[in-house]
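The two complexes that follow have subunit A in common; it is paired with subunit B in the first and with subunit C in the second.
Showing the complex of A and B:
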């Protein structure tokens, strides 16, 4: 595996519940709230999209287009060889709009705009349309593996030379309706919780979130490279019939590294006590590594690992671990190898391994 | 790294039949699945023609081996039935040493239940079991459960090219050495949601669809599921499965023209077909038959027709759209038509483009209108194009031919 062609993260772009406008102040001023849901701080979309197009666009599409533009600019890439996205539920706002009209008006007086925008591949299609990019275009829609699938596809194409640059991203939006429904299912805290207290408190349920994060992946290193994207792996802990420790050690061995090489594990700890155990198991297996978390900053959603990877890439590039993300400190050491570990509802587990370029 | 991908199993349910053999029989007998709506509760019932799978969801539960009291979407039931057929066909379950993945395409997911119980979702707890099955991944997870697959799986949604893209991604995973075998395809049930969506777009023909006809007036929607078993050459040596054909090429491109319309010159279609052809290492004149996307809309057939003329500058291969048989199976269309193309390849049959009568003035070629038997087919192409200009093309090659 070590002989494999290295793939680099050369650009980042993100719209999230945190203020992304000034990336040089990397999470130094955290947006705090007292809530059980987090909404994105949306940029001024007019900087990225012309007003006549903007008017018709659904919210997730706007978030996706803006973050992809920020990413391409960050990487200095005009035209990627492929656009690959992952989304758990796609353009929910438009889907709900069409569905509500359908149900209320008993299949009468329907206009096609929200139907057109309801398909999950609308974000990647709109990015391509605005770039006039005729290249490969794919969208993965598998819950907590949506973004990871996009990364796996990207790595294959970059390694086999089909593409030398890939714009890969993950995005999901939270609507009032989806929040209300998932709240009733018990996914979220009953009572509002202070952002920075979420991971310390012991209670059932997480906080709902949303966001869009894009990565410009390339087979060539640049002075702007954030990290090397070494390996991505998805697994189901329950059906695999293996202990997390075994899965972890197998994964690290295949990636050519030892557990002691991991300097930092960035984990999807979400404040829900019933889903905390796998993260604890991982931490116990990586005694020398620091532990960091992101979901108190982004909220929980199917593609939140894209925010996690954004954060891990920033930590790697700036060699700076923001205090707000720290769960367990390790002895002072450079961040050369970072492991991202996430699971969604204990069904979709994933590892993303990045290294210092 | 493996370089050849073999097709060793097929599973297919559509308005034409509940398994691959029944589908083949209907095709051979020129029996279309398109007719009046029987199962979906919609006010468009008497207005539209569709190709519905003949069984009601309760009967499908029985066929899939699922208790009808459990929360399953029609989409998932169709997927389980077709994937199981393919999986048994290749008896992959007997080879635990091989890494088998599941790559499935769908777009509507559990919308059939969601549109029925949306009010309950919002206001009471009585239908909560149907909330969790709304998303696209649910069908894939349940199919994996039913097949006993524990390895890599994912779901692709690129609208009407989803299933073709699943086959493509499965092949890439196998060539990258990440999988030995794959169950790849797609599933899509008819829903009130997308019937009304396409209806609002005014691209549904109230009569039988007429692809590539000068008077064509839109789509008849269809439903079903279709899965292929793919094996690397190396895995095939272990399974000993009979090779049905070889997946010789695939290409994906984006029109980047309009969210739902195709460009007049068919840029995306042209690029997808060209990439697939380049990968197969063949020249255009080696393609014997194209199973066109051919939806029957004004826009698609003109755009695709021009793309075919632009790529096949010498002799144009036999072309037909088999959507007058199956209806447009949207996210399952890619794998359904891949199987129809493969059945033609194996049996030496060129499927007719039914309901055609008038030549399109813009095109030089006309589709095949009568079934051709005993055709010498070595290389067939299957096109699938989706919303967002997401265009894909697959090429299958007769096994043992160079």
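Showing the complex of A and C:
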């Protein structure tokens, strides 16, 4: 194991299907619904964005800008040295609007706004424009580990000293069209389900979701620090047999810890029986750790691990595991080391390791 | 003319998604760009498409745009003039 510069999570901001307006309440009141999709509880955007700018923004841009603002305020940071985001499908609402007009008007009479706002990097660009931030700005579009790619780049920037603060985030939105298409692909439950009971039921398909979460990462610890972001690792292949075990143990060894050191594994269990095996394998390899989950609260989407990291960071800072997130309890012990494991369609897998600062 | 002006106000509000602005807030003689409604170059493109889509008017010479899109009234006058010619 090589000694690396520690990187800290000094601020959080999120817009999700849960009420984030008051983070001190931390999932004390969760949204309960009977559905196969979850939509974000959106804040009053006028608190973050002026109406003349707001009028051109699609929903994902609004969610991204608002959550980034909440994050910067939480961290007490006015101007990050870099803005790095990840999104699986980008600004879908504007993309659909633009493409629909293209077809309906036979490729004529196209208006510019939805086209301009439809690109994947619009969120990070709008954040930079509003902050007048001319620093490094990058967006990763890597399917189920887009957010993790943004985190990996953030760690590189911070550890190499090219930035001392990075605003990193992950975001995706759900539209009626994208829901209908992925429903046909069998991604979601056919019938509405009691979302908080999702992980207890045994059926094919998950619930669709959406959200945006930002993190202010810094090379300096502050009294506000939530956690140390120790390591991020991704791999992109289907797992079978003992493959996950080997990769997990290698990752832990490289990170200088043993399986018994993990106090809590926060997992992307999504209620789809066809995607459960890797999570079970992970849990079997971390027998002493508690197991928690987040997708019954956020729904499944390409960058849902950003919600998972938000939740893990809150658990660490407040040393509190909300009952609603518990899958398996461990013996009472402080949360000093938390491993976040997620996979998207058993193709895009990721480990995110955080430690108590 | 007044009827067309009111129709145009509604269409501009919808097309440009002018939140918080009602038809009564728009003075038909006030400039659309800079002061007045404070529209910008992206809005200008939206208005060009609006004229073509809703009134079948294609602006051939971009230099005319400044005059045509000065205010709601100049837009209405241009449309009326164009419709008489047609």
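Please note the rule applied: the second predicted complex is superposed on the first by the 350 of 357 C-alpha atoms of A that agree within 3 Å, B and C clash if a C-alpha of one lies under 4 Å from a C-alpha of the other, contacts with A are read in each partner's own complex, and residues count from 1 in each chain.
The rule is simple: a residue touches a chain if its C-beta (ideal position, glycine included) is under 8 Å from a C-beta of that chain, and two chains touch if they have at least 3 such contacts.
Just so it is clear, the structure is predicted and the values come from calculations on it, not from any experiment.
Upon superposition of the two complexes on subunit A, no clash is found between subunit B and subunit C, which fit side by side. Taking subunit A as the reference, the larger set of touched residues comes from B, when subunit B and subunit C are compared.
In the superposition on chain A, A:320 makes contact with neither subunit B nor subunit C. Applying the stated contact rule after C-alpha superposition, one finds that A:117 touches subunit B and leaves subunit C untouched. Applying the stated contact rule after C-alpha superposition, one finds that A:79 touches neither subunit B nor subunit C.
In the superposition on chain A, contact is made by A:54 with subunit C only, not with subunit B.
Angle at subunit A (Cα centre) between the Cα centres of subunit B and subunit C in the superposed arrangement: 60°, in steps of 10. In the superposed model, A:243 lies in contact with neither subunit B nor subunit C. By the document's definition of touching, neither partner reaches A:4: not subunit B, not subunit C. This overlay, made by fitting chain A, leaves subunit B and subunit C with a least C-alpha separation of 7 Å.
In the superposition on chain A, subunit A positions 110-112, 116 are in contact with subunit B in one complex as well as with subunit C in the other.
Subunit A makes touch with subunit C in their complex at residues 51-52, 54-56, 105, 109-113, 116.
Residues 42-44, 107, 114-115, 118-119, 121-122, 125, 128, 131-132, 135-137, 140-141, 150, 152-159, 165, 169, 172-173, 175-176, 178, 192-194, 196-197, 199-201, 252-260, 267-268, 271, 386-390 of subunit B are the ones touching subunit A in the complex. Remark: subunit C residues 15-20, 38, 42, 45-46, 49, 52-53 touch subunit A in the complex.
By the touch criterion given at the top, residues 83, 88-90, 98-100, 102-103, 106-108, 110-112, 115-122, 124-126, 128-129, 131-143, 145-146, 149, 152-153, 156-157, 159-160, 177, 180-182, 184-185, 234, 236, 239-241, 347 of subunit A touch subunit B in their complex.
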